[in-house]
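The structure under discussion is supplied below as structure tokens; questions concerning it will follow.
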Amino acid sequence: MRFLRQVMVVTAKDLRAEMRTKEAINASFAFALVVLLLLSFAFDPTEETTRDISGGLLWIVFTFAGTLVLNRSFARELPNDCLDALIAAPVPGAALFLGKGLANFVLILAVELVALPVFGIFYNVRWTRQFWPLMLVLVLGTWGLTSIGTVFSALTVNIRLREVMLPLLVYPVLIPMLLGAMRLSALLVAGQEVTGDETVWFKLLFGFDIIFTSLSLVLMDTVLLG
Amino acid sequence: MRFLRQVMVVTAKDLRAEMRTKEAINASFAFALVVLLLLSFAFDPTEETTRDISGGLLWIVFTFAGTLVLNRSFARELPNDCLDALIAAPVPGAALFLGKGLANFVLILAVELVALPVFGIFYNVRWTRQFWPLMLVLVLGTWGLTSIGTVFSALTVNIRLREVMLPLLVYPVLIPMLLGAMRLSALLVAGQEVTGDETVWFKLLFGFDIIFTSLSLVLMDTVLLG
Amino acid sequence: MRQKVILAMLALAAVLLLPNLYVISMLPDEMRQGQIFRIIFFHVPAAASAMIGSAVALVASVLFLLTKNFRYDALAVAVTEVGLAFLAVNLVTGSIWARVIWGVWWAWDARLTSALICWVLYAGYLILRQALEEPTQRATFAAVYSIFAFTDVPIVYFSIRWWRTLHPQPVFFSKTGSFPPDWGRAFMINMLAVFLLYAALTMIRLRQEETQREIDYLRRTVHAI
Amino acid sequence: MSDAAVDCAGVWKFYGDYPALRNITFQVPPGRCLALIGRNGAGKTTLLRILAGFSKPGKGQARIFGHEPRDTETRRRIGFIGHGIAVYDELSALENLRLFARLYRLPEPERAAREWLERTGLERVRDGLVREFSRGMRQRLAVARAFLHGPSVLLLDEPFTALDDRAVAVLQRVLRDALAAGCTVIMSTHQLREAMELATDVVLINRGRIAFHGERTEEMVSDPGWVYSRYGES
Amino acid sequence: MSDAAVDCAGVWKFYGDYPALRNITFQVPPGRCLALIGRNGAGKTTLLRILAGFSKPGKGQARIFGHEPRDTETRRRIGFIGHGIAVYDELSALENLRLFARLYRLPEPERAAREWLERTGLERVRDGLVREFSRGMRQRLAVARAFLHGPSVLLLDEPFTALDDRAVAVLQRVLRDALAAGCTVIMSTHQLREAMELATDVVLINRGRIAFHGERTEEMVSDPGWVYSRYGES
């Protein structure tokens, strides 16, 4: 109970600070839009073949835009050495991780949910045909991205080249999970059901989320105290 | 003469500082690799169709990796308020712009020249068949990216969300130019010559470079002095 | 005084627009496109006013850089913000039109794309403003950005000439254009009404901006113990 | 040992191979005020961060009332002011204090927050965002944040730096109140005069070693440079 | 007017509509040392940055020897030390000074750089990267950078903050030499004692207005708070 209340306090703080300036979420969404545009030039989306790769495209955009939110997550604590105050407070690392993770999750998911219809229009895809399974993939994939990203955000926050190091470290770790999310999204966006062999990707997503979340919960204290 | 010498002093300083730590260039190259990898998962690179879009892919990678170098360009002046000293010195804004721009240009071009063969291997493309025209596209495109990027790097250097704002502002301005570079690169990488209608893209590249460079030269003093 | 001018403009726009809507609805359907062709009465004026807005923003930005007078900065924001809304109207109406005529909501042709980029550019302008706290710096940097952003506007305009586009070639103000005279009249009236609306909204926004600056000033004075 | 408020036993700290702290040993009984002085790079900040539990010593141990500084219960007893003010720019003064009151699980977060706003003279601007505060107001809020949860050990790193006279006065008053209430204070500083007025003990650190540890004498108040010239390296 | 080293005529500076400086007018004849004092947020940094040409006044004008501070030739006559040290972490001490010597187009960059390394006691570490320097060494290098091109007007923003006694001594010595050589110095500070020892004139800024401008008197040296209590707002 106490633990949960502290998690909520941290989440609420992050969300409130973000809502004041809306900088990370606006920028992240605008960035998603710009990348969507950029990719649509690189890969002519009117062709039939390109539509097959839309799942991949979607997750590329989500990952790039999500990284911005994640980058901000601990960077937000830097300006006045706020991180010190947070570490000094009697809050366990796990609560901090979950609190910040939840806030990031909400923000990234919000960006994704706005980007999805835009994507549908630009790439002329009727993505709603398998709505709920797609949402499940979105939630699982996003939580994977968030849990790894939050820990790595804490790891890289004091590095001079933070903005580069975060994606550099996170992307390779994410690749197996992204692969699953891409494959599933491609299927679902095309209106097909996930059956037979392909359900293994769902298991992979679940497995990843569980492993990374537990690793993060355990390691957060160490990361924060260096 | 004096002007040129000052440009060279600034360029030399930036390059020397970068060579000491190699952080921006290493990170930029690593990032290029990771993005190349990520994209190759999203778009199965063995298919014939994917090879057609290689021009677009290449420039996506270049732009993303280049942005990191550009981000660093003025961020490098932040730590000890070095920007103040630079502004205080009797150096015109235009010389600063050119000096920093040249340094960025060299660094980005270096990353591109290393990324190109890697790309050739990953995506199984024989990109050397139109070597010199391709280099021309590379130089023109990179200078466009650099000239806008350098000014915008100065614009965004004091923004909390610098790492996001820079790509956010630069990419849309760049898109028309990138479109040209992508189209030309796709042709050249595929070993075709640029003829007839397609030469208009070269004109577009030239035009953009000239417009952006002159705007930047004129506006730099304003940007630096706020 | 200002208030009255704004009200008068709004009233005039309404007087022009409302009867004209009736005229438009009574016009015969276009031969090939039918009903949907009427959307042009809003699609084009929205685009035209947004583009004129961009030009005004450019001029205001340059003037701000030259004079450092915050009036011009306020004008630039107001005009850009309203222009963004009008450009959105253009994009949405165009999109609806495309859905009916081409069967898709969006196609990546030069006109559509450059218009979208234009929207993103000016949205970037607003995001940049939001990110900068110090007002002088905010105004200066935004002005510089606005100048760069304007490079896309000519591309939007000329895209249909420079590239082969899905988007129709010009029908107004060109020799090849064929437009029945009664259509033309209704169209011009609509254009005028939309321009008036644009100007009125800009002025309202301008007033808001000035009030905001006053509030900022008062709050800062209070806070400076 | 047991009844010391702060107990530092043979603490070493290495940055790579470089020992920033070498075998630091001292104790501070409850209710005392220790001035931690030393030249730039002597290791003051490093030591304070170890005592506050932000970093772990390489060898030796730091104890607050006999416990690890990282223990949850110990953390509630520590108040820390570092170089940064450690409050959020995007939140208002009240929101900031309420946030920390909640994180410290105070029984009445709202009341504690308001009380400290009043004590630092900020109640008039309690809904203003910190972003718009002047430097003096920020520092006051930092003081409020550090004292909010009623800590019994205060660790202050150069608290007087870049403050104007009035802000210095506020801080000194709050510190005097805390000392009177039995708090233990350790503060590092280069502004010897302000520090010596409050201090009851002095520790001089010289390149990571303790060069002097003793009570503050009248000599030090009248000539603040005295410790340096007597025990500092030449 | 014409022969003043620094001439500030009716300078206003607005942050948005908020006037951070209101009608600041004063002159400093060559060879004087002006202490700029005032509470947090009074506008000292803002004023110094305008004098140095980093930002433009909203109204009024600042003149250095009768010229715009942004003129290329005027810029060579100004030396500035701000809050940051303004040298590059990734370059060595010598490289840093050589860089600035070149940017200022000194006839013999190498010699000027070495000379100032010597005068600030850094020649022993001239090839060490600044990144590895301690805070004191950094500040010395900052002093070397500011004095390198032989400026005749020195603008210093809180130069004594967070410096230890020895670094303060180095700075004071260099400043005395400069004053003796006819330089004009303007420095802002909260450390009134150190400032009053050097100053010949005092300006007190109060919420962006000049509240006091006059010669430094003996009273101020013996009781540095005197100006505040006499002319500051209560």
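Should a chain be cited, it is by its letter among A, B, C, D and E, assigned in written order, with residues numbered from 1 in that chain.
One rule holds in what follows: a contact is a pair of C-beta atoms (placed from the backbone, for glycine too) under 8 Å apart; a residue touches a chain by one contact, two chains touch by 3 or more.
This structure is a prediction, so every number in the text was calculated from the model and none was measured.
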Would you mind checking the shortest number of contact hops between chain B and chain C? 1
Answer with same or different: of all residue numbers used at the interface between chain A and chain B, are over half used by both copies? same
Chain pair showing more contacts of the two, A-D and A-C: A-D
Taking each chain's mean CA coordinate, chain A and chain C are separated, in whole Å, by 35
Taking each chain's mean CA coordinate, chain A and chain E are separated, in whole Å, by 48
Would you mind pulling out the distance in Å between where the CA atoms of chain A average out and where those of chain B do? 27
Which integer distance in Å separates the CA centroid of chain C from that of chain D? 57
At least two partner chains per residue is the criterion; list those residues in chain D. 134, 136
Of all the residues in chain C, which ones touch at least 2 other chains? 117, 120, 124, 127, 131, 134, 136, 220, 224
Which residues of chain B are in contact with two or more other chains? 160-161, 165, 168, 172, 175, 226
Interface residues, chain A side, partner chain D - complex: 2, 5-6, 9-10, 13, 16-17, 20-21, 76, 79-82, 84-92, 225-226
Residues of chain B that touch chain C when the two form their complex: 148, 151-152, 155-156, 158-161, 165, 168-169, 172-173, 175-176, 200, 211-212, 215, 219, 222-223, 226
Under the stated contact criterion, what part of chain D meets chain A in this complex? 52-56, 70, 72-73, 75-76, 78, 80, 82-91, 95, 99-100, 102-105, 129, 138, 145
Under the definition above, what is the set of chain E residues touching chain D in their complex? 38-41, 134-136, 139, 158, 161-167, 190-191, 193, 225, 228
Note which residues of chain E are touching chain C in the complex, please. 14-18, 41, 55-56, 58, 207
